[in-house]
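Shown next, in C-alpha cells, is the structure this report addresses.
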Amino acid sequence: MREAADMVDVNPFVPFPATLSRVVDLTPDVKLFTLELDNPEDGFDYKPGQFGFVSAYGAGEAPFGLTSVAYRKEGLQFAIRSVGTVTYALHQLEPGAKVGVRGPFGNFFPMDDYRGRRIIIIGGGIGFAPLRPVITTVLDNRKDYAEVVIINGARTPQDLCFATEFDDWAKAPNTKVELTVDAGDDNWKGRTALIPDVVADLKPSPENAIAVICGPPIMIRFTLQGLKKLGFGDDQIVTTLEGKMKCGLGKCFRCNVGEKYVCRDGPVFTFEQISGFIEQF
Amino acid sequence: MTKTLSKNELESWLGNILKERTLVAPRCVDDLTLFLPVASVDEIAFDCGNTDLSPKDWFFPRTEALFTAEHKDADIEITPAVIEQETVIFGIRPCDAKGIAILDGPYLADPADSLWAQHRAKTTMIGLSCSSPAPQCFCTSMGGAPFDSSSVDILLTEVNDGYIVDAVTEKGEKLLQGVELKESDVSGSVPSCDTQVPAEGITEAVKRAFDDPYWGRLADRCLHCNICAYVCPTCYCFDIRDRTEGGKIERLRTWESCQSKGFTKIAGGHDPRVDKGSRLRQRFCHKLLYFPEQFGPLGCVGCGRCVVSCPVNIDIREIISDVQELGAKVGEGSS
Amino acid sequence: MASDFTQQIREKARELLEDGTVECVIGYETGSDGISARPAFIYNAADVERLVFDNTCTHNLVKYLLNKKAKSTAVVVKGCDSRALNLLLSERQIERDKAFVVGVVCPGIVESRWNERSEQLQKRCDWCRQHTPVVSDFMVGDPVTEQPPADFADVAEEEAKTAEERAAFWQQQAERCIRCYACRQACPGCYCTDCFAESLDPEWVGIRIAPAESQMWNTIRAFHLAGRCISCNECERVCPVNLPLSLLNRKLEQKVLELFDYRAGMSEDAPAPLITFKKDEKLGIAE
C-alpha cells in the first residue's frame, strides 16, 4: 500500500477554477448554467450520467448532473433548480462570475452498449437534466440507435425543461417526443397525464429496448411497475439515483444505499442491480 | 531480551520531544480524560485508563478547513490546507491506534484525502499497552489485543519501574534516536481482555438480519444524538460547509453522524432514512458489514466508549450477540 | 419499596396491553451492565417482566411520546417527567387521551455511570420539590410532603464570581462541547422539526465545532427553554463531556420565578409567561 506521506499533495476537495459563461432561464425556478474551466489542462472528460460539484464560494458546494456532452465542447452545463442555500446563491450569479467545479464523478450510461437498440427516455421535471446528454448522444449518432421515444413530464407547461429543444428532437428520424403535464394552461394542447399513464398508453415494446428513467422516487417506482407490466426486464431499465452527498469521493459515507455509494458505484444503476441492493433507495 | 526505559528517562525524553513538536497525551480536565497538547510532562495523566474521547481528533479534527478561498479582484484565490506541525501522540492504546490505521482504508483510497495523509505523515504514535483492560473493553473480540503493536510507531509496556520499549516502525526508531535503552530480560505480563463478544461471522449475520424488525425496536430508545459516532475512534462521516469571516471563505469539514435526522435528506425533500430504525441500522451495518466488505477489518476496535457514553445503553456488544442469533434463524429458515 | 413499585408497574402494564388500552408501554428495564436502568418499550403483555423501577431510572421518557403521536401509549413518569408531560400538553405536542400516565412517586435518582453502582443522589434531586407526579392516570407510591422550596445556591455561587472569572469558565466549557446535541435530543422541551442550530439561512450557529459556535448553541438553547425547562437535568446527565448545563437552565429558571412567579409544567393549562401577554402586565422590568 502507498505510504500516507506520498499522498499529501493533491487535495481532492479543491475545485477547479471555472467561470460562468452563460446563464439561461429554463423554467421559473430552473436555470441552465454553462461553466468554462479557467485552466483547460484541468482534465474534465465526462460521459452521460456523470455529475460534478459546483461551488458558489461562501454558500457552499452541491452535486449536479452534467447535462451537456463533452464531445460538443460547449462547456460544462448544469440545469439547476433554486431550492436551498447553494442553489439560491448560484441563481444570483451573472455570467463572468467565478465558481468552482469538481468532477467528473460517478459511473455513466454505457452508450456503446445501447447501440442498435430501441431507446426509451422517460423523465420528470428537473430529473430530465441527466437524461439530456443521453438524448444528445443518441440523436448526434442517429444511425447507431434504433427507434427513440422521449417522454418528458412536469407539473405545468412552464416547468418542462429544455422546451426549446423538443422540436429539434422530434425532427430526428424515427424519433417520437411525448410531453405531458399534471395541469395544463389555456395554451396547452398536449397531454395532461402522469408519466406512468403515458407509458401505459404508448405501450413501448420491450423488444431490444433500453428504458432510461429519471425523476422523483415515486415517479420512478410507478414507471418501473408500468414498464415491467409491458414486459421490460430489470436489466432493460436503467436509472440515475440521487443521494445526499458531501464529498463525491466515497469518503463521507452519506450517499450509500446499502453497500453501494451513489457517488462511486452509481449514480447510474440498472434495476437488476437495484433489486440486489440490501437497502431500499 | 527487551529494551527498557525508566519512568524518569521516559519523562525526560518526552520533555525533549515537547521542545520541537506538539506533544499530545492524556490529560485530566475536570473529571474528563482527553488527548490534549501538553505544555509540560507534569500535565500528562499517566494512570488513566483510556480517554473519554478518542484521539481521532488529531487525525480527523472535529473541525478542519479543507481550503480557504479569497476574492482577489475578479478572481478567486484558493489556498489548500497544509499541515506543517509535527505531532507526537503519547499514550495511545492499541485499540485507538488500530482505529486510526483502519481509517487509512477509506481516507487513502483513490483519490486520497491529502489532509488525512498529511496528519498521518506528520504524526508519530507512542503507544501504551493496556495492563488492565476496563469492563467495557472488548478489543480481542474485534481482532485486536491489549499489547498489539501493529498500528503504532513505538509500543511501551509498563513494567516495574519503567517501560519495555518496542520500536515498531522507522518513524518510531527515528524518534528514539539519542535515547539510551537498557537491555533487560524483564518481560511484560500479557493481560487478557476477557469480555467475549461473538463477532466471528458477524458480517454474514448482519446481512441476513438486515430486514428484521429488530432495528426498529432497538431504535425506539435511541435519541439520535451524535455521541456514539463522536466518541468512536473509527466513525468517520463528515459534513462540509462554507464559512465566511472577514472576506475569507473557509470550506470546513466537521464531524457528523449518520444518526442525525436529515443526514440523508435530499433537495427535493425525500429522505431514504427518515425512520429511526433504518438510521440506527445504518451505523451498525456500516461498521459490521459495509466497512469490512470494502476494506477488510471490522469497523469497530472494541474500545467500549460508545457502551459507556450512550445515554440509553445501546450496546454494540449486545447488538452483535442479538444479530448473530437473528442471522442464525434466517440461515436456518432458508436452508 | 422499589420492588413493590416494579410489581405494580408490571401489573398495570400487563392490564393496559391485554385490554388494548395502549399499544405500547414506555418504562424502564435493566441495562447491559446489570446495574442501571434504560428505557424499555413493551408491546406485548408477555414482556412486562422486563419492566423495573428503581433509583437508577433517570431517563425522561416523556420525550418518546413525540415519536408515538398517533398511538395510544402508556408512559412511566416521575415528578419531573410529569411536568414535561404538562409542558407538551400545553404546547399541543401530544394529546392527553392518547397517553396513559403511570405516575411514580420518585425516591430520588442516583448518579449513573455505566457499570458503576452509586448511592449518590443526582444534584437535581436535591433541588427537586416535586417528587409526586402532577399528572397521572395511575399512581404508584404515596404522595410525599415536600421540604420548603430550595434556593438556587449553585446559581448564586456562579454569580458571585467576577465577570472575568465567569467568561474564562464558560470559554473553557465551550472548548469541550463537541456538538453531539445529546442535550437537545434528550430534552422533552426540544422538539423543533428544524432546530435553529441546523439552520443554513439564516445561519445562527454554523457547523464549526469550536468555542464561539458552541457558546451560541448552548446559550440560545437555554433561552429557548426559559420558562419551559422542568429541571429533569437529563441534558447535563447525557452530556459526554460533563458540561454544567444546569447552571444555564437554572439561572433562567430563577429569573422566571422571580419575574413571573412561575414554574413550568405544574399544570396543563397555566399560561406560560414568555408566550402570554396580559394587558395589565408590568412594563419596565427595572421598576
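Annotations for the structure displayed:
The first chain written gets the first letter, and so on, giving A, B and C; residue counts start at 1 in each chain.
One rule holds for everything that comes next: contacts are C-beta pairs under 8 Å (C-beta built on N, C-alpha and C of every residue); 3 or more make two chains touch, one makes a residue touch a chain.
Nothing here was measured: the structure is a model prediction, and the numbers come from that model.
The chains in contact with chain A and with chain B alike are C.
Counting contacting C-beta pairs between every two chains, the top pair is A-B. Each chain gets a centre from the mean of its Cα atoms; for chain A and chain B, those two points are 38 Å apart.
Between the Cα centres of chain A and chain C there is a gap of 48 Å.
In whole angstrom, the spacing between the mean C-alpha positions of chain B and chain C is 32.
Residue positions of chain B touching 2 or more other chains: 239, 241.
Each of the following residues of chain C touches two or more other chains: 200.
With touch defined as above, residues shared between interfaces to two or more other chains in chain A number as follows: 84. Residues 84-85, 88 of chain A touch chain C in their complex. Residues 66-67, 69, 71, 74-76, 78, 80-81, 104, 106-109, 111-118, 120-121, 207, 210, 236-242, 244, 249, 251, 253, 256, 258, 263-268, 270, 272, 278, 285-286, 289-290, 293-294 of chain B touch chain A in their complex. Interface residues of chain A facing chain B in the complex, by the touch rule stated above, are 1-15, 17, 57-62, 81, 83-84, 87, 96, 98, 100, 216-217, 242-244, 246-247, 249-259, 278-281. By the touch criterion stated above, chain B contacts chain C in their complex at residues 29-32, 52-53, 62-63, 135-136, 217, 220-221, 223-227, 230-231, 239, 241, 243, 252, 254-255, 257, 260, 262, 276, 307-309, 311-313, 315, 317-318. Every residue of chain C that touches chain B in the complex is listed here, in rising order: 31-33, 36, 38-41, 59, 63-64, 67, 113-115, 176, 178-182, 184-186, 198, 200, 206-210, 234, 237-238, 240-242.
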